[in-house]
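Please find one structure pasted underneath; my questions will follow.
Naming follows writing order (A, B, C and D), and every chain is counted from residue 1.
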């Protein structure tokens, strides 16, 4: 009993960390900059395709592809931010949604054109595959890696935004643009970098996700709902909240599927509705 | 703008002028008859556009007027669709009464959900509507003994409309039927938005805090409009069932909720014709693009959406209205 | 003495460790013009929020006439005649002035639930709204969207919306906030000409205006009522002087 | 013409533009080219194109014209509309494609109403072919494959099996078919679960299956990104396919899925009607041509499209170019041919496909994972329709 519970917690935690990596960028851009970027998962898809291309066609090792996935997605978000998002910072939510859905459509068609509609296979290096057996339970190596990696990322992220000069600039620019400009902060630059960071993290999440969930052009839509759930349950703009929400949803998803497989599909939505009824601004949301 | 403010001394005249039918409106509705003559082979598409336009109109009442963004409006569309389908399957294939029952059942669902919806705003509201919509999808999938699950509901057969007009392969009956229902419900919506209640809805959209400060019963308004909107969405769903004699999970899925939102915002939310124009442009574009290239039609549609946002903010109608206004003020 | 129109008993409100209202007791008789003054952060707007139900007090009671309204929602209090305006314009940007006031009148009369009759069928509602706008000199711009009105006109519209609800008690939160002094006369003329049936409580910083308009003055400091009295009493009170002169460096 | 409007007859002269299209036969191809099932449509389309390239675009003096239309996923209303439109607007004589059951069912109404020959190239629910007397199927049925697999599983020595299926119609069919075959033979189902259609993380489900201690786990998965995820989860759970047998319908071990699974896939046993690794001269030529044309291997969708076109071509030859629905369906009844998948025929009674069900095991051949056929059940008809009261 205890060991099966432990195994479930472990699996759910790892799945939650995957959701965290995919969502945290959106939480930052939506929560801090008030920009509804529904194309967030397209950036994750960009990261995924970069990783797969480098591994399968150029023969790069898995770990070497991760920074490239981050940088590639970050570069794409900078381009998007410059060309399309910046003129719309003051537009309505609806216009922002429509624009970014347009980008999702374009990204799906582009991915289908370049890579075809088939899903792309990924082979991890041997040392990330298989599992350790403890107490008769199997703990997947890759899941272990995911957990460790995500913890590191979140620590780096939180400390960057809380304790560095750049973090202070971001928070100042978000709180009061005019005052930040007055203080000599390059608000445009800060926003661009924040977007790049959010996009890069999505790309990283995409690259890490493909081993567990696969990759095809519909990825840009398939994960959008989950990511939005994580962000809203966690509370906008709160990195800690996103972390907790992702963990909670990952674990309740896993536990639900193990203990009550007949309600598996309902559970994640029920959890979300219950939490939002209780705390409409999300677990750690301020507004 | 200059025209409007030119010293209207009598407030009655001004509002009456606003409520009066503009010649463009008359022309628009006359133009909806053109497919019968010009493109009779497109009548099936035309009827599905009319149905989608009706669905978008229902969303416009809550989103465009009351400011309630919903990513789960397909719940009501689907509920109406399944209701209409089940009634027919159980042996009552009369379309008009079936449509009324579909409207009523969707309204009941909408009324129940409105108690949850009226409590939330912003992202939380969107996620609530999304979550409830997805739950309904899963219920429809699980209850395959009732809904046919992923295979779709089988055995839907409609009796002739008014006992005279069969639903034919070419879509004459379907389009005529859908167009008349659309027009009637459009008249109803037009009346609603020109009523004191319609004014209150716009007040809710504009400023909820101020609504409380003038003693408005905002939550009860929201419940009312949500119920009406659900009923209209249910009619749209019922129409789809009746004119195609099929029902599948597609009527309640996320894609349908997202599409109708895109259509409405594309056309211009908060204007009764926004959903109608959006439906026509989106569906004709999709039909044409996917006819040219069935694989990559997402690309031009995506570019279309991006272009509209960049060059015509607030949707096609919103953008056009602004262009017309600036052109008028320049020509004066 | 008859029952006051509006009274509170022992209102407390804390945000965490920050005390924003402590033991507030007021009693406003019918028709009196009250000014609520005090340095920034004294809790004046908080008090209005508490009275109108935008905030819930931690402790204490609020009465409108004989009726306790402590647990009622803001809109229920408005329907009983307790109405406010906002320090920062809180209007309907895309509604015309006429539409906004018509809406407020409709809500008061319970007509706003009607969705099957066009608004043009409500002649008397429109006339009433138009006459309110006329009395506040807004008639010439009544068909313009609110967002296009001049700032001073928007401040007047704040009052017009409140009047449309036919208030018994009107709480004005800095009605002239942001209006240049030489342009504020219209506003204060409007306030002066309000019906004597309406009890008015207004927040204002300009002491000249306070002393000209108010028949009684409440002074708040640090979430408490320091003193209440006639303008003459307040002007002579040394504690008030202390707050306004000695407390200047707090500001 | 019973359902074609009575009252508006005068306007009907716009209809049926096919009257002047005598020199060509138009085939409306309705399936999903976009969305979640985009690859299905792509591969069926490739099969169609290859057949036409090999056999020319003219048959019995008629030029074959394709009219592709995107269904965009599960949307029977769209399928029905598109089918109507290709007939009334574009003058199609034949309906083809149909990747998904609900879409095929909706289009079947159109085929029956308009009396048009309809070739179902993929949708695999048994009931579909009963909905139009003018429909033929060139793919397979879920019952055909999985009941055979259930029976075979017991014969191979398995006694206790856990079933895990996708929670929608075809998955339920797979579950029922396998369980029927297995239990009728004498086996025991020790547990079962249905996973959500859009499920991504399979660890909890497989853990639950493993904890039931079965000899084998039967999995039904509809393709897409899920099989690879399942394969990886199997390995990660420490389930050894050589000890606890993993059984499933062929989608579980699609080429792409195997690439994603890696060695975790070794030993998985599946029942299927086609694989590019099927050993026959006909298939070798087919795979080579396919690779030359599309730079990838064909799969069951491709062969459904390829054989579907074969049925159309051969039927037209028999009718001498007459594209009438009645004539074509009669021509195709009982037709037999050698397909890349092996011998296949059309059941004259049900118009459904009769073919060999291969039992395959994943093995490593020349460094790559492939499905190796090691047993087969020949001439399998759809068992569901065989049991249906006549």
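Here is the rule we use: contacts are C-beta pairs under 8 Å (C-beta built on N, C-alpha and C of every residue); 3 or more make two chains touch, one makes a residue touch a chain.
This one's a predicted model, so the numbers in the text were calculated from it and none came from an experiment.
Considering every other chain in turn, the ones in contact with both chain B and chain D prove to be A. Chain centres defined as mean CA positions place B nearest to the mean of all protein CA atoms.
Work out the mean CA point of chain B and of chain C, and you get 41 Å between them. Note: centroid distance chain A to chain D, computed from Cα atoms, is 36 Å. Taking each chain's centre as the mean of its C-alpha atoms, chain C lies 72 Å from chain D. Look at where the CA atoms of chain A average out and do the same for chain C: the two points lie 47 Å apart. Residues of chain D in contact with two or more other chains: 34, 38, 41-42, 167, 196-197. Touching two or more other chains at once are residues 138, 141-142, 295-298 of chain B.
In chain C, no residue touches two or more other chains. Interfaces, counted as pairs of touching chains, are A-B, A-D, B-C, B-D.
Chain B makes touch with chain D in their complex at residues 36, 40-42, 44-45, 48, 138, 141-142, 144, 148-152, 154, 164-173, 240, 244-251, 253, 255, 290-291, 294-298. On chain D, the positions that touch chain B within their shared complex are 3-8, 11-12, 14-15, 17, 33-34, 38, 41-42, 68-70, 72-81, 84-85, 87-89, 101-102, 105-106, 109-110, 113-114, 125, 127, 167-170, 172, 196-197.
Only residues 30, 84, 87-88, 91-99, 101-110, 112-113, 117, 225, 228-229, 231-232, 236, 265-266, 269-270, 272-273, 276-277, 280-282, 287 of chain A touch chain B when the two sit together in their complex. Of all residues in chain A, only 4, 7-8, 11-12, 15, 108, 112, 116-123, 129-131, 133, 138, 140, 142-143, 211-218, 222, 253-258, 261-262, 264-265 touch chain D in the complex they form.
Those residues of chain B that touch chain A in the complex are listed here as 63, 69, 116, 119-120, 122-124, 126-128, 130-132, 134-135, 138, 141-142, 254, 258, 261-262, 265-266, 269, 295-299, 301-306, 308-310, 313-314.
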